[in-house]
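First the structure, in the form of structure tokens, and then the observations on it.
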Amino acid sequence: MQETATLNNSFKSEEYFINMGPQHPATHGVLRLLLTIDGEIIKKVEPDLGYIHRSIEKMCERDSYQQIVHLTDRMDYLSSHINNEAVCLTVENALELEIPDRVKVIRTIIGELTRIASHCLWWGVMGMDVGALTTYFYGFRDREMINDIFEETCGARLTMNYNVPGGLMWDIHPNFIKRVKEFIVHFKTKIPEYDKLLTGNVIFQKRTKGVGVLSKEDAISFGVSGPVARGSGYSCDVRKYHPYSALDKVTFNEVLETDGDTFARYNVRIKELWESLSIIEQLIDNIPEGEHRVKTNAVIKLPKGEFYQKVETARGELGVYIISTGTKNPYRMKFRSPGFSNLSALNHMAVGGKIGDLVATMATLDLVIPDIDR
Amino acid sequence: MQISLNITETIQECLVSMMSESAAGYIAMVIIALIYLGIFSVAGLFLVLLERRVAAWFQLRIGPNRVGFQGLLQTMADALKLVSKELTGTDRADKFLYNLAPYFVIISALMALGLIPFTKEFQAFDINIGIFFLIAVSSIGVIGILLGGWASNNKFALIGAMRSGVQTISYELSVGLSLLTMILLTGSLQLSEIVELQKSGWLIVQGHIPAIIAFMIYMIAGTAETNRAPFDMVEAESELGAGFHTEYSGMKFAYFFLAEFINMFLIAAIATTVFFGAWLSPFGITESIPWLGVLWFLVKTLLLVFLMMWFRWTFPRLRVDQLLTLEWKYLLPINLVNIVVMAFIVWQNLIILI
Amino acid sequence: MTNEALQILISEWFPNPEFEIKSESVDIDREEKESEIEESVNPSLLEFTEEGSQFLNVLVKPENLHELMNKLKINSETSLDYLFCLTGVDWGAELGIVYHLESTKHRHNIVVKVKTKDRDNPTFDSVCDLWRTAEFHEREVFDFFGINFNNHPNLKRLFLTPEWDGFPLRKDYVDEINMVIK
Amino acid sequence: MSYFSNIFNGIKTLLTGMSITGKYFLNSRKGAITQQYPDNRDTLKMFDRFRGEVIMPHDENNEHACTGCQKCEIACPNGTIEIIWDRGIDEHTGKNKKKIDKFVYHLSMCTMCGLCIDVCPTDAIKWGQNFENSVYDRTALTRVLNKPDSKLRAGVED
């Protein structure tokens, strides 16, 4: 009897820890995951954060409102324009500034271009995470065109800081409209290629369907937002529910999928590319004439009170919460970053899957670590 | 057992005039081994270069083009760098096995090359159990991978090694069975005989439908055997970092790397021999010039290598359980049915001969 | 639901016992003074403000926090089931937390605030059991403000190392080497 | 039967994917999107708004437009700009005016946010398009933007 017992014991599987990150190809930056694994099966995922925490919220407490804007570039660097816009909108709403329509339209166009650029990069990286390395370069090729547009108009490719409280730093470049139209024509031929190369691929579908499922109830409970929540069927597009800038003037569909698995989240992002293109198409020919900037005081002082503004970045709902005491600095500044909440659902989604599933799930969460760490 | 040595024989004959016959035999073997070692380690490096250039062309890049003409010496420079690098390793690794592993992998890869019939005269040794020997030798490499992964004292490496074990054991079946299907046609395991048979039509034409199915299965299983994408579970850089060779550096890493490419060449070479008539030219157009056989062989092999590269740079990676599903639920049953079909075809003599 | 309707609904949940005693005593006394006294004594344990914010702000006492949150979530009229922002704030004398809630059904928002004067060992009830996203957000607040949460499953430092001294986002945090004050 | 249709659909999708990469492979000669950087330095031109570094343009008389108002220094979030100034008699008006001695720019601390240039009342500083900023010694990143013996252009008032 005892022999069989020891024999059974010797074949008993044992859980072990493994450190994924902070230097790991699939964590896209310095995220560290403490995995408890039984063979290939994941038992527990515990994220360890803070490897690039810069305490932007504390830095904001000593900066003026103009200076805060450029710090938000460094949060979610893939949707830096939208981050900037969020801060500017908060300040403008607090000051009750009337923003010219031209500024609103330009902000929306660049915001949607940012979303496309971010999704392009995500698509490339998604392919790379599931093993198809070539997608990375195809995604970057299209993103590069947008980056060139940004560089010409805003002066920088990634950390643009094009917004200032009250409008835009400069007017758009004369080539802007022409280049954006070129991009739309180019990109419309490329999305079907994305579908052929990855979406339709049988291996990819096997890898993603039914993997990392997040139900609608769990999505709400975990506070996820953006494409991740919409993949679970929770309608939460800030652009629909709280339209900002020129988004109330355009018609677009909120992409919803109900499966809640990795493939659903993937599909949401791919379809969002089409929606973003349609928004840009509606606006690009109708940029109203006018000022690109409203004159503000050199020292902006917000009235006493609390101001909250949410915008939809490429990753989800970004909230900017300013508590002002009437001075030139915010008393407390909080960024509700989408990635932080989305990451909290990772453990729930990955448990029970394989290591490969975890990587695929993480890829569709589209984590940007500086956004989580702030 | 009848062993006929072709180039070995020629060298041996030269040497016999100088020394006793048995000594000449041994020395001839050593010389042949050295020649093969020299040729194929360099050829392996060029395969690496080819892979990099091909990958670049798939990916809208240019690829290495700085060292030498069009980057021809790039991988040589890389090899030189790797040789001069410090050999690091983990602290509590099993030193003996850790150091042994890369040699297992590279030697098993080089050993199998001796059987490949590059042309009628260019074949190091031609034994009557040729294909059997090839399958046996090429699967020794997995022991090296298992050893390396286990001895590295690294969990990522261990997972990679275990995956490799699972993968190779499974796909070995398909490689074997798909080659067995073709052996039903040839009735011989000896490579030279298989090639001779194909003078009346390549085997993939002779065996038509079952042969094509066998070829497809062979290519899939062969890709899996070499641990290349979409079956690169062993390395799976987005999951395991570098898999089993995470802890290897310098020349030991280079051995693993080189072995991967030699294995790829080997799989393609076996396919060329068994399905595409080895060094035989299509429709016998260059039959009068025998040395062109090498060229034909290389062209066919490199085309198949290119196909494997094409797979690699297009497809996503499978998950470990899907890898096994593919083998046990799809490839193996199809393969078994295919053998029966092939047996029927051979029995009814439905072979297409030119 | 509008902010006013929400306010009326929620204020009924936590009646102020003092107010009832006072109002009873008022009944015995003259009725004229009733309105005056009502102003000074809040009829509810909750305080409402809408000033300087687009949301309805509810200030709740720490001991009522979890009960209020639970009611806000499960009540079918409020059904505030989406906690989208959880902010720790250092108000100088007090430490507190601001909860931003949204209803996925009715699409209305509310802001719940809770404060404590205890700066050495501030403790609130965790809302992890209601919204699972709170687990991370509360760890973040614990990390930067040193606010403890009862019944939190895994309360430890999230961003900083366990041996970090002090709580950086508090206003009285000093780090002469790493912080640049302008 | 779905077993076989699965196989055929699977193979079909795989071949579709291969056709995409194969197309790019065949067009690889002209399709390369990468740039051969050090080789194309002559033809490589940055966009005119590109933020490479902050420069202070001087005209042919070695005159700049910086009045030393220090607005940029205040606007900078990182303390990148330090203006060392002095008071002196202005040649043209004869008034006692602030004038810069050194306009120190720490490129190593600059985040290229553009607030200094945005706030400058006299357009004295501008964006330079140079992007090759790497040096072997960090001290080389601290630059004095006004040239030696340069002076304020006549008529520039803030």
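To keep things simple, chains are lettered A, B, C and D as they appear, and every chain counts its residues starting from 1.
Convention: contacts are C-beta pairs under 8 Å (C-beta built on N, C-alpha and C of every residue); 3 or more make two chains touch, one makes a residue touch a chain.
What you see is a predicted model; the values in this text were computed from it and never measured.
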Based on CA centres, what chain would you say lies at the far end from chain A?
B
Of all chains shown, smallest offset between own Cα centre and global Cα centre goes to A
Intercentroid distance (Cα basis), chain D paired with chain A, Å:
26
From the mean C-alpha coordinate of chain C to that of chain D, what's the distance rounded to whole Å?
46
Of all the residues in chain C, which ones touch at least 2 other chains?
180
If a residue has to touch 2 or more other chains to count, which residues of chain D qualify?
14, 17, 20-21, 24, 33
Give me the residue numbers in chain B that touch at least two other chains, ranges are fine.
58-61, 313-315
Check the chains against each other and report every pair that touches.
A-B, A-C, A-D, B-D
Which part of chain D faces chain B closely enough to touch in the complex?
7, 14, 17-18, 20-22, 24-25, 28, 31-34, 36
Which chain B residues qualify as touching chain A in the complex?
55, 58-61, 155-156, 159, 229-230, 232, 236-241, 313-322
Contact set on chain A toward chain B in their complex:
16, 18, 24-26, 40, 127-134, 136-138, 141, 197-198, 201, 203-204, 206-207, 354-357, 359
Listed in rising order, the residues of chain C that touch chain A in the complex are 51-55, 57, 81-85, 87, 89-90, 98, 100, 104, 107, 111, 131-133, 135-137, 140, 158-161, 168-169, 179-182
In their shared complex, at which residues does chain B touch chain D?
54, 56-62, 310-311, 313-315, 330
